[in-house]
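Just below sit the structures, each encoded as C-alpha cells.
Consider the two complexes below, in which chain A is the common component and chain B and chain C are the respective partners.
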Partner chain A sequence: MAVQDSTRSSSEGKSGDDGEDLSIFHAENLQNNMKSIYYSRTFLSIMGGVVAGIWGFTGLMGFVFYLLIMAIASLGLLAKAKFSVGNYFDSWNRIILDGFFGGLMSFVLFWTFAYDIVHIF
Partner chain B sequence: MGVGFIAGVLGGLLFAHAAYSTIQYRGMLKIMEEEFSGPPTNVVIELLLGFVLCMVAGLAVPGKFHSILPDSEENRVVSLPSNLDFMIFNHRGRLSPFDPELKLKT
Partner chain C sequence: MAEDLVLDTAIRDWVLVPLSVVMVLIGVLRYFVSKLLRSSQTPDAKVVREGQLILRARNLRAAGGFIPVKSFRARRFYYTNEENGLLHVPKGQAQNPQAQMFSDPNMAMDMMKKNLSMIIPQSLTFAWVNFFFSGFVAAKLPFPLTPRFRSMLQNGIDLSTVDVSYVSGRSWYFLNLFGLRGLFSLILGEENAMDDTQRMMQMGGGFGVDPTKNLGAEKDGIDIIQHEWTLPKMEQRAEMVLRKLVK
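Let's look at the complex of A and B:
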C-alpha cells in the first residue's frame, strides 16, 4: 500500500490561464475508472443492440437509437460519479465520448443478430 | 456485485421473452395477412423495463470509481498497520560494547 502513491503521474498543464499549474493524480485509479467505463459502455451497447433488433428498427433509426442510448449511458455514468467529474476523471471527454465507436460495432452486430432472429427467420 | 448481476440476468430474461412474443406476433400477422408496423405494447414495455434493468447492471457490476486526487480521503496512506505487536524497535547495536573512551590504536 505504501508504494501506491509512487505511481502518480502528472498530466500536461491545462491550457489557458493556469499554464504552470500541473495537476497530479493517481494514474492507477484513473485507469481503473476508465476500465469500468469501457465495461459499462460495451455492455449497454450490446443490450441496446438487442433492444433495437427486437423492436425492429431499420436504417437510420437504429443509429439514432444508439445515440440516445449513449446519451443515457453518459447520464448514468455521471450519476455514478456523483456529478463531480473532476474527482474521478481528468477530463469530461472520458465520460461523454470514450468507448463510443467501439460500442457502435458491438451495437450493429447485436442489432442485426437480434433482428435476424426475430424478424427474418 | 450481487444486485447488479441479478438485475442483468432479469433483463436478459425479459429480452428473451420479448423476442419470443414478437416472433409469435409476427406469426399471427402472417396468418391474418397484415403488415408489421411495430411490436405490440406489452413487448415495448418489456423491452424498456429490461433495458432499465440492464442499465442498472452495467453501471453497478464494474465496481465503484476511485478518486484520482492524491489528497482525497481514500488515497491517504497514513494509517498504521493493524497489528502493532510485530513492530520492533530493537536493533543489534544494543549488544555491541559501548565505550566513549575507546579509541583506535594506531
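Let's look at the complex of A and C:
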C-alpha cells in the first residue's frame, strides 16, 4: 500500500471548494488523480497476481483474492483522499470501479505465470 | 476434471519463461523504436492557431458562469459575430482535408511509420512463436473454464481430451499480448498506456477531421449557451472567509 500511496502525492487537485450544488474541477488535476489511480491499480493487480500464484490459489479463490485486493485499493485511495471524494474526483465510481477490468487481465496473466512456475512444473 | 498432465520442467525453461521475457523485451524495443522514428515536425501556424482558438472558446463555454454577464456577452460577440468574429468561417474557405493530406506527404509518412512500428514486431513475434512453440502445452490456468474456450486457449493443439485449462504456447502468446499492457504502462510511462486499439481509432478519426467544421461547431455551441451567474453570494462568502481569517 505504501508504494501506491506515494505515487499520488505530487499534485492533488483541489477542486469543488464550495459544497452546495456547484462543483468546480480543474481538469488537469483530475486527470492526474485518475492516472495515479490507474497506476496503483495496475501495480496492485500485477503484484496481487504474483502473490496469488505463489500462494497457489486456484479457481474462484483467486478471483475472490482479486476482489479483495481491489477493495483494499479502494479503501486506500479513499483514505488518501481523506474520505472526501468530492474534493479529488468527480464521482465515486472513479475510486471504486476505475481500472478494475483493465487490471483483471494483468492479474490473470501474472497469476497463471507464477502459479505455473511454482506449482505445475 | 481430467487426470493431470505432467509437464516437463524443460517446457518451463524453454517455452514459458522465454516467451514472456521476449514479449516484454519486444514491447520495450517497440517503444524505443517508435520514439526514434517519431519525427518532430513544426506544426502549421494556422492549424495551431485554430486549435488554440477552439480551446479558448471551450474555456469560455465551460467557465462562462464565473464572469459577469456583460463580459460574457462581449466575449461571445468577439468570438461569434458574423463579420469578423474569430470563430466565423467565411463560406468557400473551407478546404478539403483530403487535398490537404496530399499536399502534405509528411502526414501520410508519419502515419505509415507509426503503423509499421506497430505491425512489424507483432507479426514477427507471432511468426516466431508459431514456428517454435505452436505445439506445446505451455501452461495451465489456475481456474477451470468451459469447453467453449478451447479454441481460444488451445490454439495449435488439436486434442479434445485435454482439459480446457491447459494453455498452448501460441495462446500463451495471446494472453501475454493482452495482459502485459498494464506492465508496459508501468515501466514505460504513460505514453504507452494508450493501447494500440485506441491509437488505431484515433488514426481513423484523424483522416476525416475538418478544422473549419470544428470552428463552426464551437461557434454554434457558444451561440446556444445561456449565461448563468454562478457566484451570486460571492461578496458574503468573501466577507465570511475574511472575517474568519481576521479572527
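Operating definition for what follows: the second predicted complex is superposed on the first by the 99 of 121 C-alpha atoms of A that agree within 3 Å, B and C clash if a C-alpha of one lies under 4 Å from a C-alpha of the other, contacts with A are read in each partner's own complex, and residues count from 1 in each chain.
Keep in mind that, in the parts below, a residue touches a chain if its C-beta (ideal position, glycine included) is under 8 Å from a C-beta of that chain, and two chains touch if they have at least 3 such contacts.
Bear in mind the structure is a predicted one, so any value in this text is a computation, not a measurement.
Partners chain B and chain C, once the complexes are superposed on chain A, both fit on it without clashing.
Of the two partner chains placed by superposition, A:78 touches none, neither chain B nor chain C. When the two complexes are overlaid on their common chain A, residue A:48 makes contact with chain B while staying clear of chain C. Once the two complexes are laid over each other on the shared chain, residue contacts for A:58 go to chain C alone; chain B is not touched.
In the superposition on chain A, contact is made by A:39 with both chain B and chain C. In the superposed pair of complexes, A:110 makes contact with chain C only, with no contact to chain B. With both structures placed on the common chain, the touch criterion links A:96 to neither chain B nor chain C. After superposing the two complexes on chain A, the shortest C-alpha to C-alpha distance between chain B and chain C comes to 10 Å.
Common to the chain B and chain C interfaces on chain A are residues 35, 39, 43, 56, 117.
Residues 1-2, 4-5, 8, 24-26, 29-30, 32-33, 35-37, 39-40, 43-44, 47-48, 50-51, 54-56, 72-73, 76-77, 80-81, 87-90, 114, 117-119 of chain A are the ones that touch chain B when the two sit in their complex.
Within the complex formed with chain C, the chain A residues making contact are 18, 22, 35, 38-39, 42-43, 45-46, 52-53, 56-60, 62-63, 102-103, 105-106, 108-113, 115-117, 120-121.
The part of chain B that touches chain A in the complex is made up of residues 8, 11, 15, 18-19, 22-23, 26, 36, 38-39, 43-44, 47, 50-51, 54-55, 57-59, 61-63, 65-70, 72, 75, 77. By the touch criterion stated above, chain C contacts chain A in their complex at residues 7-9, 11-12, 16-17, 20, 139-144, 167, 175-176, 178-183, 185-186, 190, 193, 230, 237.
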